[in-house]
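The first chain written gets the first letter, and so on, giving A, B, C and D; residue counts start at 1 in each chain.
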Amino acid sequence: MNRKIKYGLIGGSTESSIGRKHKNAINFDERAELVAGCFSRNGDTNKAVGDYYNVEPDRVYGDYREMAEKEAARKDGIDFVSITTPNFTHFEIAREFLLNGINVVCEKPLCFEVDQAEELIKLAKEKDLVFAVTYTYPGYAVVKVMKEMIEEGKIGKVINVDAEYLQDSMLDQIGATDGSIWREDPKQAGISHVFGDIGTHIEYFVRYVTGLHIKKICAISDKFGHKLDINDNMLLEFDNGAHGTYWASKVAAGYLNGFTVRIFGDKGALEWHQQTPDYLKYTPVDAPIQIISRGAEYLTEKSANLSRLPVGHPEGLTIAFANHYRNIITTLIKKKNGEKPTAADLDFPTGEDGLEGIRFINAAVKSADSGSTWVEM
Amino acid sequence: MNRKIKYGLIGGSTESSIGRKHKNAINFDERAELVAGCFSRNGDTNKAVGDYYNVEPDRVYGDYREMAEKEAARKDGIDFVSITTPNFTHFEIAREFLLNGINVVCEKPLCFEVDQAEELIKLAKEKDLVFAVTYTYPGYAVVKVMKEMIEEGKIGKVINVDAEYLQDSMLDQIGATDGSIWREDPKQAGISHVFGDIGTHIEYFVRYVTGLHIKKICAISDKFGHKLDINDNMLLEFDNGAHGTYWASKVAAGYLNGFTVRIFGDKGALEWHQQTPDYLKYTPVDAPIQIISRGAEYLTEKSANLSRLPVGHPEGLTIAFANHYRNIITTLIKKKNGEKPTAADLDFPTGEDGLEGIRFINAAVKSADSGSTWVEM
Amino acid sequence: MNRKIKYGLIGGSTESSIGRKHKNAINFDERAELVAGCFSRNGDTNKAVGDYYNVEPDRVYGDYREMAEKEAARKDGIDFVSITTPNFTHFEIAREFLLNGINVVCEKPLCFEVDQAEELIKLAKEKDLVFAVTYTYPGYAVVKVMKEMIEEGKIGKVINVDAEYLQDSMLDQIGATDGSIWREDPKQAGISHVFGDIGTHIEYFVRYVTGLHIKKICAISDKFGHKLDINDNMLLEFDNGAHGTYWASKVAAGYLNGFTVRIFGDKGALEWHQQTPDYLKYTPVDAPIQIISRGAEYLTEKSANLSRLPVGHPEGLTIAFANHYRNIITTLIKKKNGEKPTAADLDFPTGEDGLEGIRFINAAVKSADSGSTWVEM
Amino acid sequence: MNRKIKYGLIGGSTESSIGRKHKNAINFDERAELVAGCFSRNGDTNKAVGDYYNVEPDRVYGDYREMAEKEAARKDGIDFVSITTPNFTHFEIAREFLLNGINVVCEKPLCFEVDQAEELIKLAKEKDLVFAVTYTYPGYAVVKVMKEMIEEGKIGKVINVDAEYLQDSMLDQIGATDGSIWREDPKQAGISHVFGDIGTHIEYFVRYVTGLHIKKICAISDKFGHKLDINDNMLLEFDNGAHGTYWASKVAAGYLNGFTVRIFGDKGALEWHQQTPDYLKYTPVDAPIQIISRGAEYLTEKSANLSRLPVGHPEGLTIAFANHYRNIITTLIKKKNGEKPTAADLDFPTGEDGLEGIRFINAAVKSADSGSTWVEM
């Protein structure tokens, strides 16, 4: 049995919260081993992290280009690389590994420009590589139940979507930045702060569970004395004619990470709250509200099997993330073994999803900057 | 002591849910006696209702014009009239009573046209009459706490407003009307169904608690095969520069009467849900979420005194409505006795509020009809 | 049509919260007219209240005995009396009116002694009088849905009951009373404070919805420096063999009027919270939790008809109370007209329920006083 | 830097949910490496698991005694062993490793008999070994905030405790077992099913956060046709004189893993729900209810530092478990390096806690079996 594969990490120093998140998610199923990395631009930190993770010193690289080349050249080189560095570096790093024929898992957002994303997608396709982008939330088992229920017609045709992603972390910086946040620097964050950082989570999540694409968007942004947007309200029209609103904010008192998605159909509605991620509110037309739980016996076998813990025990973000990696790694193992991955194996966000995210950011910023007119996506 | 005053009712047959609501609200404090009415266009019903309510037969009128004239002529005529008939009749009836010098309490929406509303307001002013319009929800004691807290700066400057009024009553009529709803008939309902029926509750409530006026609006409506709107999503800008979203819908599965208002400031936020109307969610910046209860000892004396029932016992809609009538009747008694009503006595919605509601409906419909462009209000 | 009947009030000064509660509940349907009363032991107050309520001066009595006799002697005497005075006076007053052949509605608790209650019940029976005791909470429409569902077997056989009634009003009097509460005085309150005041609400409610009677009880009480109990925890066994716990407390921080009842059966469970009284949590075995709403279309016609307000609008305590009076008054009118009341008309708590409450208090106090041993009820 | 230590696993086949839970928790911080194990009584499975986990074949043992001896004899032997086998095997295995001088982490319940537990504790003490027992729930960061707040006097003196642990997994086995559950077999489960399996979680949790010990207990159990208890209601008295109730059940419809603890003091109350484990409900006397969040800025630095994920992102059970192992492993590393562990390092449940759990089970079963009399603990 050859279940285990090898991977490398770009970024992911032990101090990096996002790097640890990837590492813990990969560890959860213990099917991939970290054997190479370029963990930090600081040489000492880089070495220390490699040491901490038991990576052989000659595979702790000071430069990601060198790493891509050398790992590609090794017979026992890495099967995939996870990129967990700041946003503005994603494109160059991802391209380098794809060019060298190494599968890529990239933290969201993929990159800043549509043509960059298209280039990466094209590269991955030409070389038949896996190219994943990690939007965490659809990894929750219950979100997959939500998607399954919509596909099965449990809420009928979608007629309205209302989603919000609210945080309060910048409430004490209204009027003036304290300079502590790299996401406020256009060089590092791109043309948007909040559309890009949390708005894209909404865009992908809704598209994932409904299959709908945004047709046009009318957005209004508040910068409150900053260079980039920190509060965004949007009206939307989807490709099936349904309307809706998205709201992303970092100045919403009372909301720590209040990501809520409500999908309304002509036969019922579904509602999911990130802070209670194992539960789903479902209301069929003319029937009581239902609270559906992850892992419950009344779910389909497929849905119940997505669970990792006994029912009623909170799985949390680590497991949601691990669910993505489970599928990514299964896909990689199957491809390596010459097997064809199933649709279930391929259920993870990809470069195409990253590209749609960039288009969303572009359209939203364009609308906000043009006096909140409607912009086609 | 002359605490009690006399009133008449237009509409309000025992079968009318809105008529009963007014009657029960007035009864709650037992300071006004029903002595005249024009309860139904059907003569037998009219007579039966008068009989049920112990109204003298000669003061049960077949025609509101006759009633206005005769009651105005009596020495012991009514002090005020409550109008609870369908929307399209409000203007004519209210005008008739105002012309005859009788104070008016009118169910919302006041009327259909701005100039009609202005005419009524002018009439009431000229004749120094009370002219109230009954938007129920700000009658809840805790909503007044909300207003008080915003005035006191507890959430700082308002920076975003998010409010929704969701019902599901028309979910089974997507695509085709069953003809059962008079609000779908432009003759009876005016230019809007949902903006007018429930959207105006949002408009008044937010203005009441924040003091902010809408500056411009961008609305998108869905009619789903009907003549008038049944789902409305809106972006807004307020006169202090803050943005926000309103959403009014009658096709939102899972929401029976889901009226929720969230006011975000730069120092905190407040949130109220109509289905748990005695509680207020308050989050001061950098502090835990608080759940504030009607009648609690930690409230200001003024706020605590608004309560009618011991803390923890749900007051319900009847009491919210009775709170409006308490103030209206106190104002009327004071004026009758030559006293000056206080600001607290005058805390009830008036013709001016009704007028602002009409302007809101007009702007919203104009925006929706013009391809969802921004319309100044 | 002779729909209206006449009643008198004992207690119920305009300052009395419980008196107003009865008055407003009776007013709600406007089928009974207040024509006599003994409102206060203070002559001036008594007169003022009579005046306020438009009661003829010769029917404002200084003494309840005189009132009972004189009203019984009048041809147009009262059809029933509502007793809203402090607990220790209930027995004498109720007896006097029953002896004079007048129907009685008595605030809970009925009285202090089993033999007193039995005497009143016997009297009412002999004279064929209505003798109601007002436990408010089962008046909520959704509580009747709960009872109906249990009767229909929706949760199977009841196997456990967990109920609590928690308040925090005495939290600042731990260790020493401030003397402000008459319920702490055994002369006025009887042998128990909290078992009697709020514990009996639990006892009646559970019996009402399940039909189960308590077989034995093991109680432990805390007095925290007071003469009577202010916190009571109980284990119970019911007559069908099921077990459960009741908890009544006035020192539970965080609970204003936290009355919660959970009934567990072998096929499902039902849960009701007094602070959200229009909703019912229902979990059928192997199915999602459901939130059932008062007045919803999916309810039986019978259940839906119990509603007074459109779905989603909180009815509140006044309407729960009015529902009891609706049935009491319908029963009285039918009896007056020689008709037989239906089972639905007779759905209100009676003297027998008051008696069971006294037995509960006695058993609970006996258990607590005897070192928390099991006491048969 | 010598941060990493080595461990072995007893049980923990990849099919074992509890074994995986331990493995994932240890993995989370990557400071301990699995190098030996006795994973299954089935030789093939044992070998396969060892292979899966990359354990050297000569350290995959068929017998735990052999493993204890050989690992003790190796210079690079394991630093600790985690025991995740069925309950009835814990004692023998733990004793063997302790006898061989190896630190032990044992899944709860520790064992069946008081003298067994005492023997293990004595052994560990004599040999200066770490002997931990894994009660999961106090590992949640917010539970430690709860403990800290009680210690700081935020709720004053504890006056009542109400805790429940409700599941519904046996609801379809009322009246007859389907034989699927080993916990129903006294040989494997001991004298109790539900007291032992979930009741002990309540006992430890309450003791952990309040520091209170149970003085006496009065319990009533339902077996519903099974050999051991499946529903247990209890009254309690604590060593400070406070009273309370515990309830443990596997037949509570609507509760998947409904572990709720409410601690009431004379200055406030605290409430924690396992299904929303990152939040704490706190009510100070005469102030609004507060919702406290894990990781929030308003917490003490100590409390905030316990967090592993950004605020508002659910940590879930894996992280709660990892928090225990973080402390256990830090303690082991410090001891190995000759350093003294701090009180914070030693914050994990131990053999003494396991012993108290056995005493609780014994007292509860004795009470239930003796007609629900009070039994001293």
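One rule holds in what follows: a contact is a pair of C-beta atoms (placed from the backbone, for glycine too) under 8 Å apart; a residue touches a chain by one contact, two chains touch by 3 or more.
Heads up on the chains, UniProt names are A, B, C, D = Gfo/Idh/MocA family oxidoreductase.
Everything numeric in this text was worked out from a predicted model, so none of it was measured.
Under the contact definition stated at the top, the chains bordering both subunit A and subunit B are C, D. The chains touching subunit A as well as subunit C are B, D. Annotation: B-C is the more contact-rich of the chain pairs B-C and B-D, by number of C-beta pairs in contact. Inter-chain centre distance (subunit B to subunit C, centres taken as mean C-alpha positions): 34 Å.
Mean C-alpha position of subunit C lies 45 Å from that of subunit D.
Chain geometry summary: the mean Cα position of subunit B and that of subunit D are 56 Å apart.
Touching two or more other chains at once are residues 286, 289, 293, 296 of subunit A. For subunit C in complex with subunit A, the residues that touch the partner chain are 282, 286-293, 296-298.
Subunit C makes touch with subunit B in their complex at residues 1, 3-4, 17, 21, 23-24, 27-28, 30, 51-54, 167, 255-258, 274-278, 293, 296, 309-319.
Residues 155, 159-160, 162, 164, 168, 171-172, 174-175, 218, 220, 222, 224, 231, 233-235, 237, 243-245, 247, 249, 251-254, 264-269, 271, 281, 283-286, 289, 371-374 of subunit C are the ones that touch subunit D when the two sit in their complex.
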